[in-house]
Amino acid sequence: MTQNSLPTFWSRKREGFGRGWYKFSRNPLSMVGLSMILLIAFLAVFAPFVSPYPKHAGVFVNFAEASQPPSLRYLFGTDVFGRDILSRIFFGFRFSLMMGAVVLCLVVPPGVILGLIAGYFKGSWVDTVIMRITDIFVAVPPLILALAICSVLTPNIFNAMMAVSLMWWPWYCRLVYGLSSSLRNEFFVEAAELTGAGRVHILFKEILPNCVSPIFTKMSLDMGWVMLIGATLSFVGLGVQPPKPGLGTMVADGRIYMPDQWWITVFPALAIMIVVLGFNLLGDGLRDLFAVEEV
Amino acid sequence: MSESLLEIKNLHVGFDIYGGHLKVLDGVNFAVGKGEKVGLVGETGCGKTTTMKTVMRILPIPPAKVRNGEVFYKGKNLLRVNLRKVRGVKGKGISMIFQDPTAALNPVFTIGRQLMDVVRYSTGADRSGDKIRNRAIGALKDVAMPDPERILSNYPIQLSGGMRQRICIAMALVTGWEFLIADEPTTSLDVTIQDQVLRLLGNLIEEKGNSTILITHSLGIVREWTDRVYVMYAGNMVEASPTKELFSKPLHPYTQGLMKAVPKLTGEGMAEGVTGRIPNYLTPPAGCRFHPRCPHVMPICEKERPPFFDVGDAHQVACFLYKE
Amino acid sequence: MTEEIVIAKDLKKHFHTSRGTVKAVDGINFSIPEGEMLGLVGESGSGKSTVAYTIMGMYRPTAGEIHFRGQDISREARKRPKALKKEIQIVFQDPGSSLNPRRSIKQILELPLKVHGLLTNKSGTQQVERLLEMVELPLDYMYKYTEAIGGGEKQMVAIARALATNPSFVVLDEPTSALDVSVQAKIINKLMQLQKELKLTYLFITHDLSLMRNVATRVAIMYLGKICEVASASEFFRNPVHPYTQMLLSSIPVVSEEEEQLKPKKVLSRGEIPSPVNVPPGCSFHLRCPVKKEFCSQDDPEMVTVGEDHIVRCHLFS
């Protein structure tokens, strides 16, 4: 049998993707979520080119146009410094997405690896040590921990990300711990062990691939939450510092002008809501996608 | 010939999936008379459960689609009836027992709670708690459960598989059923318990004179417990016959292949299975769906689908070999 | 005299749980000569799967010994030499759970080769092709995942995986119980063919006596952790003496009159199968035994010989 009759690597990947897309696209809400995220990502990446007033995102004042209500010139109005809120929101998305992405990149690998190991050695001292450490982090109310850390260090987005990461990793550890400890009893893991496969292989090639779906689902839902926490930190002054256009910072700046110049606070708040909603819908869609099909 | 209690005519059911449409049931014809014990034999994927789910209206409608055909129960077309009215029929008329009793019972409720729930819902009017309880105990006694009062307060996990299945039978009984569909009721049970449960079921059916469909992939069970058998392959009924005759004279090549493949106590060694695999429902074979695997295939088999041909006393075969 | 590859001596495996000690395997003895198939038959709670798992090393024996080619291997798999794992393999009952759904068939079949350093070049493609050919599966299955193939084919992959390292002894734990009868025939035929070609020794575990009749060299029947009767296949079915054996044989559904004639007269099965947590005192079968005597509830019977190569554990014969 010649090599030609076997499907190539790329054709197999395409087939798998096509199948996944078919299932995903059946769910209208997932598609809504995906569109929202794609739109926001586009706006964030190309902010300098698509925002009407890119310079307003930085240091800029124009008191002549300050506190203008929404109009055709400034679709979401301007703030007290005369900066276009719409443009600042586009740039604000950058901080939000960056926060979400960086935190998850920091948090997922160690959380997953520790969870895999603890689950595999469930019942032994390894399990106890890892999970009790996890418990300690989980026991502290998340926002308090983040506030405490941020107030000790210089308040900026970088430290905010560190703080959020520190309180986020245990949840991945727990998720994967549950999966790993039940998967290790599956027959296919036994079969691999009986053949003589080493522990590293079992953890990463047998157990981990079966955890990937719940991990990705959680990551998608978490993006929304991390961004929300980031916005909250900015709101209390511990995250993105003015004049940078963090969404939470913008909400905080505008609140003293409520309810008269409502647009200064409300539009950034809506923007936060839309981002979180989008990731939630996407996460729900992913969860349904990975659910076992019955036919 | 008794009039049919349940009759399925030309049923076509398919499923929409990635890559197209699975044409599973391809014109299924099936009838059960009053008081008959009919066996439905077929292998995994042949569509027997799909057929029964269609009758019970529990198919997941998208992605499933009933493309054609009718299901008559006591003269009414079940497929056209309003879903709410069907529930009335399901509870009082047709009952179903499933393969896995563990999955059919809710692990967090006691047996008593579940059994009494069934009594309450199926008898409609709110009877007093005592009457319901007594009815439940009566049902457990009917299925030879030891110590029924104690069983009421047990959880499913405390009981063995055979006991759980008998409870499912009891749950089917209390609804005052006239028609029972048993979908592989003993596949998950041990052989000695299987024997007990089937004997019990047989006795209960004899007593009430009710009609039953016994779905299974075990030919041995069908031989012992049914009056008439349908053999199903890839969404078609391929042979229908009184049980004794099917075993003494199997006609369809698929039936013959199955009979040969069953290991025999006489120790003649393992025969060859039926060569090939079940067809892909996305692109099923044209003509007779069995023709790619048939040792007696003829040119017409690849073009036309064979209808049922009569070959004797109530014996029908869907095969061109028997065209008069 | 062919060498006895596998010997079990008074093997016991007990599990200690909060509800009591589960005596899953409670003192069994057997030996399997090279090239033969020992059929181990029993219903749920008999301990037959536990025997298989203990031999494989998934459990540590509570007592007793297991010998493989003269070597004492009564330990968990982790403590066994790696070379041994090449020699003893297992095919599990449910191929859906014994094959990792997230690994391609090529990856699954390559693993044993990789682990034991048997890959002849970096990519095991050719060796995997050979394995697929051995079980008559199309070569393009290499890149498929288990969800795309049927139950019988999955089991063929499991068999190919077990044979990848050229073992000498294979444990088959109900390999066809979850499969349809026509698929079963194909798989059993393939297993028998491979046994001849590769000179394999099998321990075949099942509850299907009709199947046993046609494939086993010798048959042992288990009840609640103990062996009740052992005989050569033909003798076992011609002359079953233990009451449990007779009960089992008379309960199996058969498809022809001739087979009906062969079944012992109907010993109606009655009673529930007790759980191995409360093993009845005396002979563990006495509660369901239609011919029990008084002393059956007091003493546990010993194995006695009742014919050529035919042993039974029952007071009726001691």
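First chain written, first letter: the chains are A, B and C, and each begins at residue 1.
We take it that contacts are C-beta pairs under 8 Å (C-beta built on N, C-alpha and C of every residue); 3 or more make two chains touch, one makes a residue touch a chain.
Please read all numbers here as calculations on a predicted model, not as lab measurements.
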| item | value |
| --- | --- |
| Longest centre-to-centre distance from subunit B, chain (CA-based) | A |
| More contacts between chains, A-C or B-C | B-C |
| Chain centre separation in whole Å, for subunit B relative to subunit A (CA means) | 49 |
| Whole-Å gap separating subunit B and subunit C, where each centre is the average of the chain's CA atoms | 31 |
| Distance from subunit C to subunit A - Cα centre to Cα centre, in angstrom | 50 |
| Residues within subunit C bordering two or more other chains | none |
| Residues of subunit A touching subunit C in the complex | 1, 5-7, 12, 186-198, 201, 205-206, 209-210, 212 |
| Contact set on subunit B toward subunit A in their complex | 15, 17-19, 22, 60, 63 |
| Sites on subunit C touched by subunit A in the complex | 56-58, 77-78, 82, 85-86, 89-90, 92, 94, 97-103, 107, 111-112, 115-116, 129, 139-140, 142-143, 161, 165 |
| Residue numbers on subunit C that touch subunit B, as the complex places them | 43-44, 150-153, 180-186, 188-189, 192, 207-211, 213-215, 233-234, 237, 247-248, 251-256, 258-259, 262-263, 268-270, 272-273, 275 |
| Residues on subunit A engaged by subunit B in the complex (per definition of touch) | 18-19, 22-23, 294-295 |
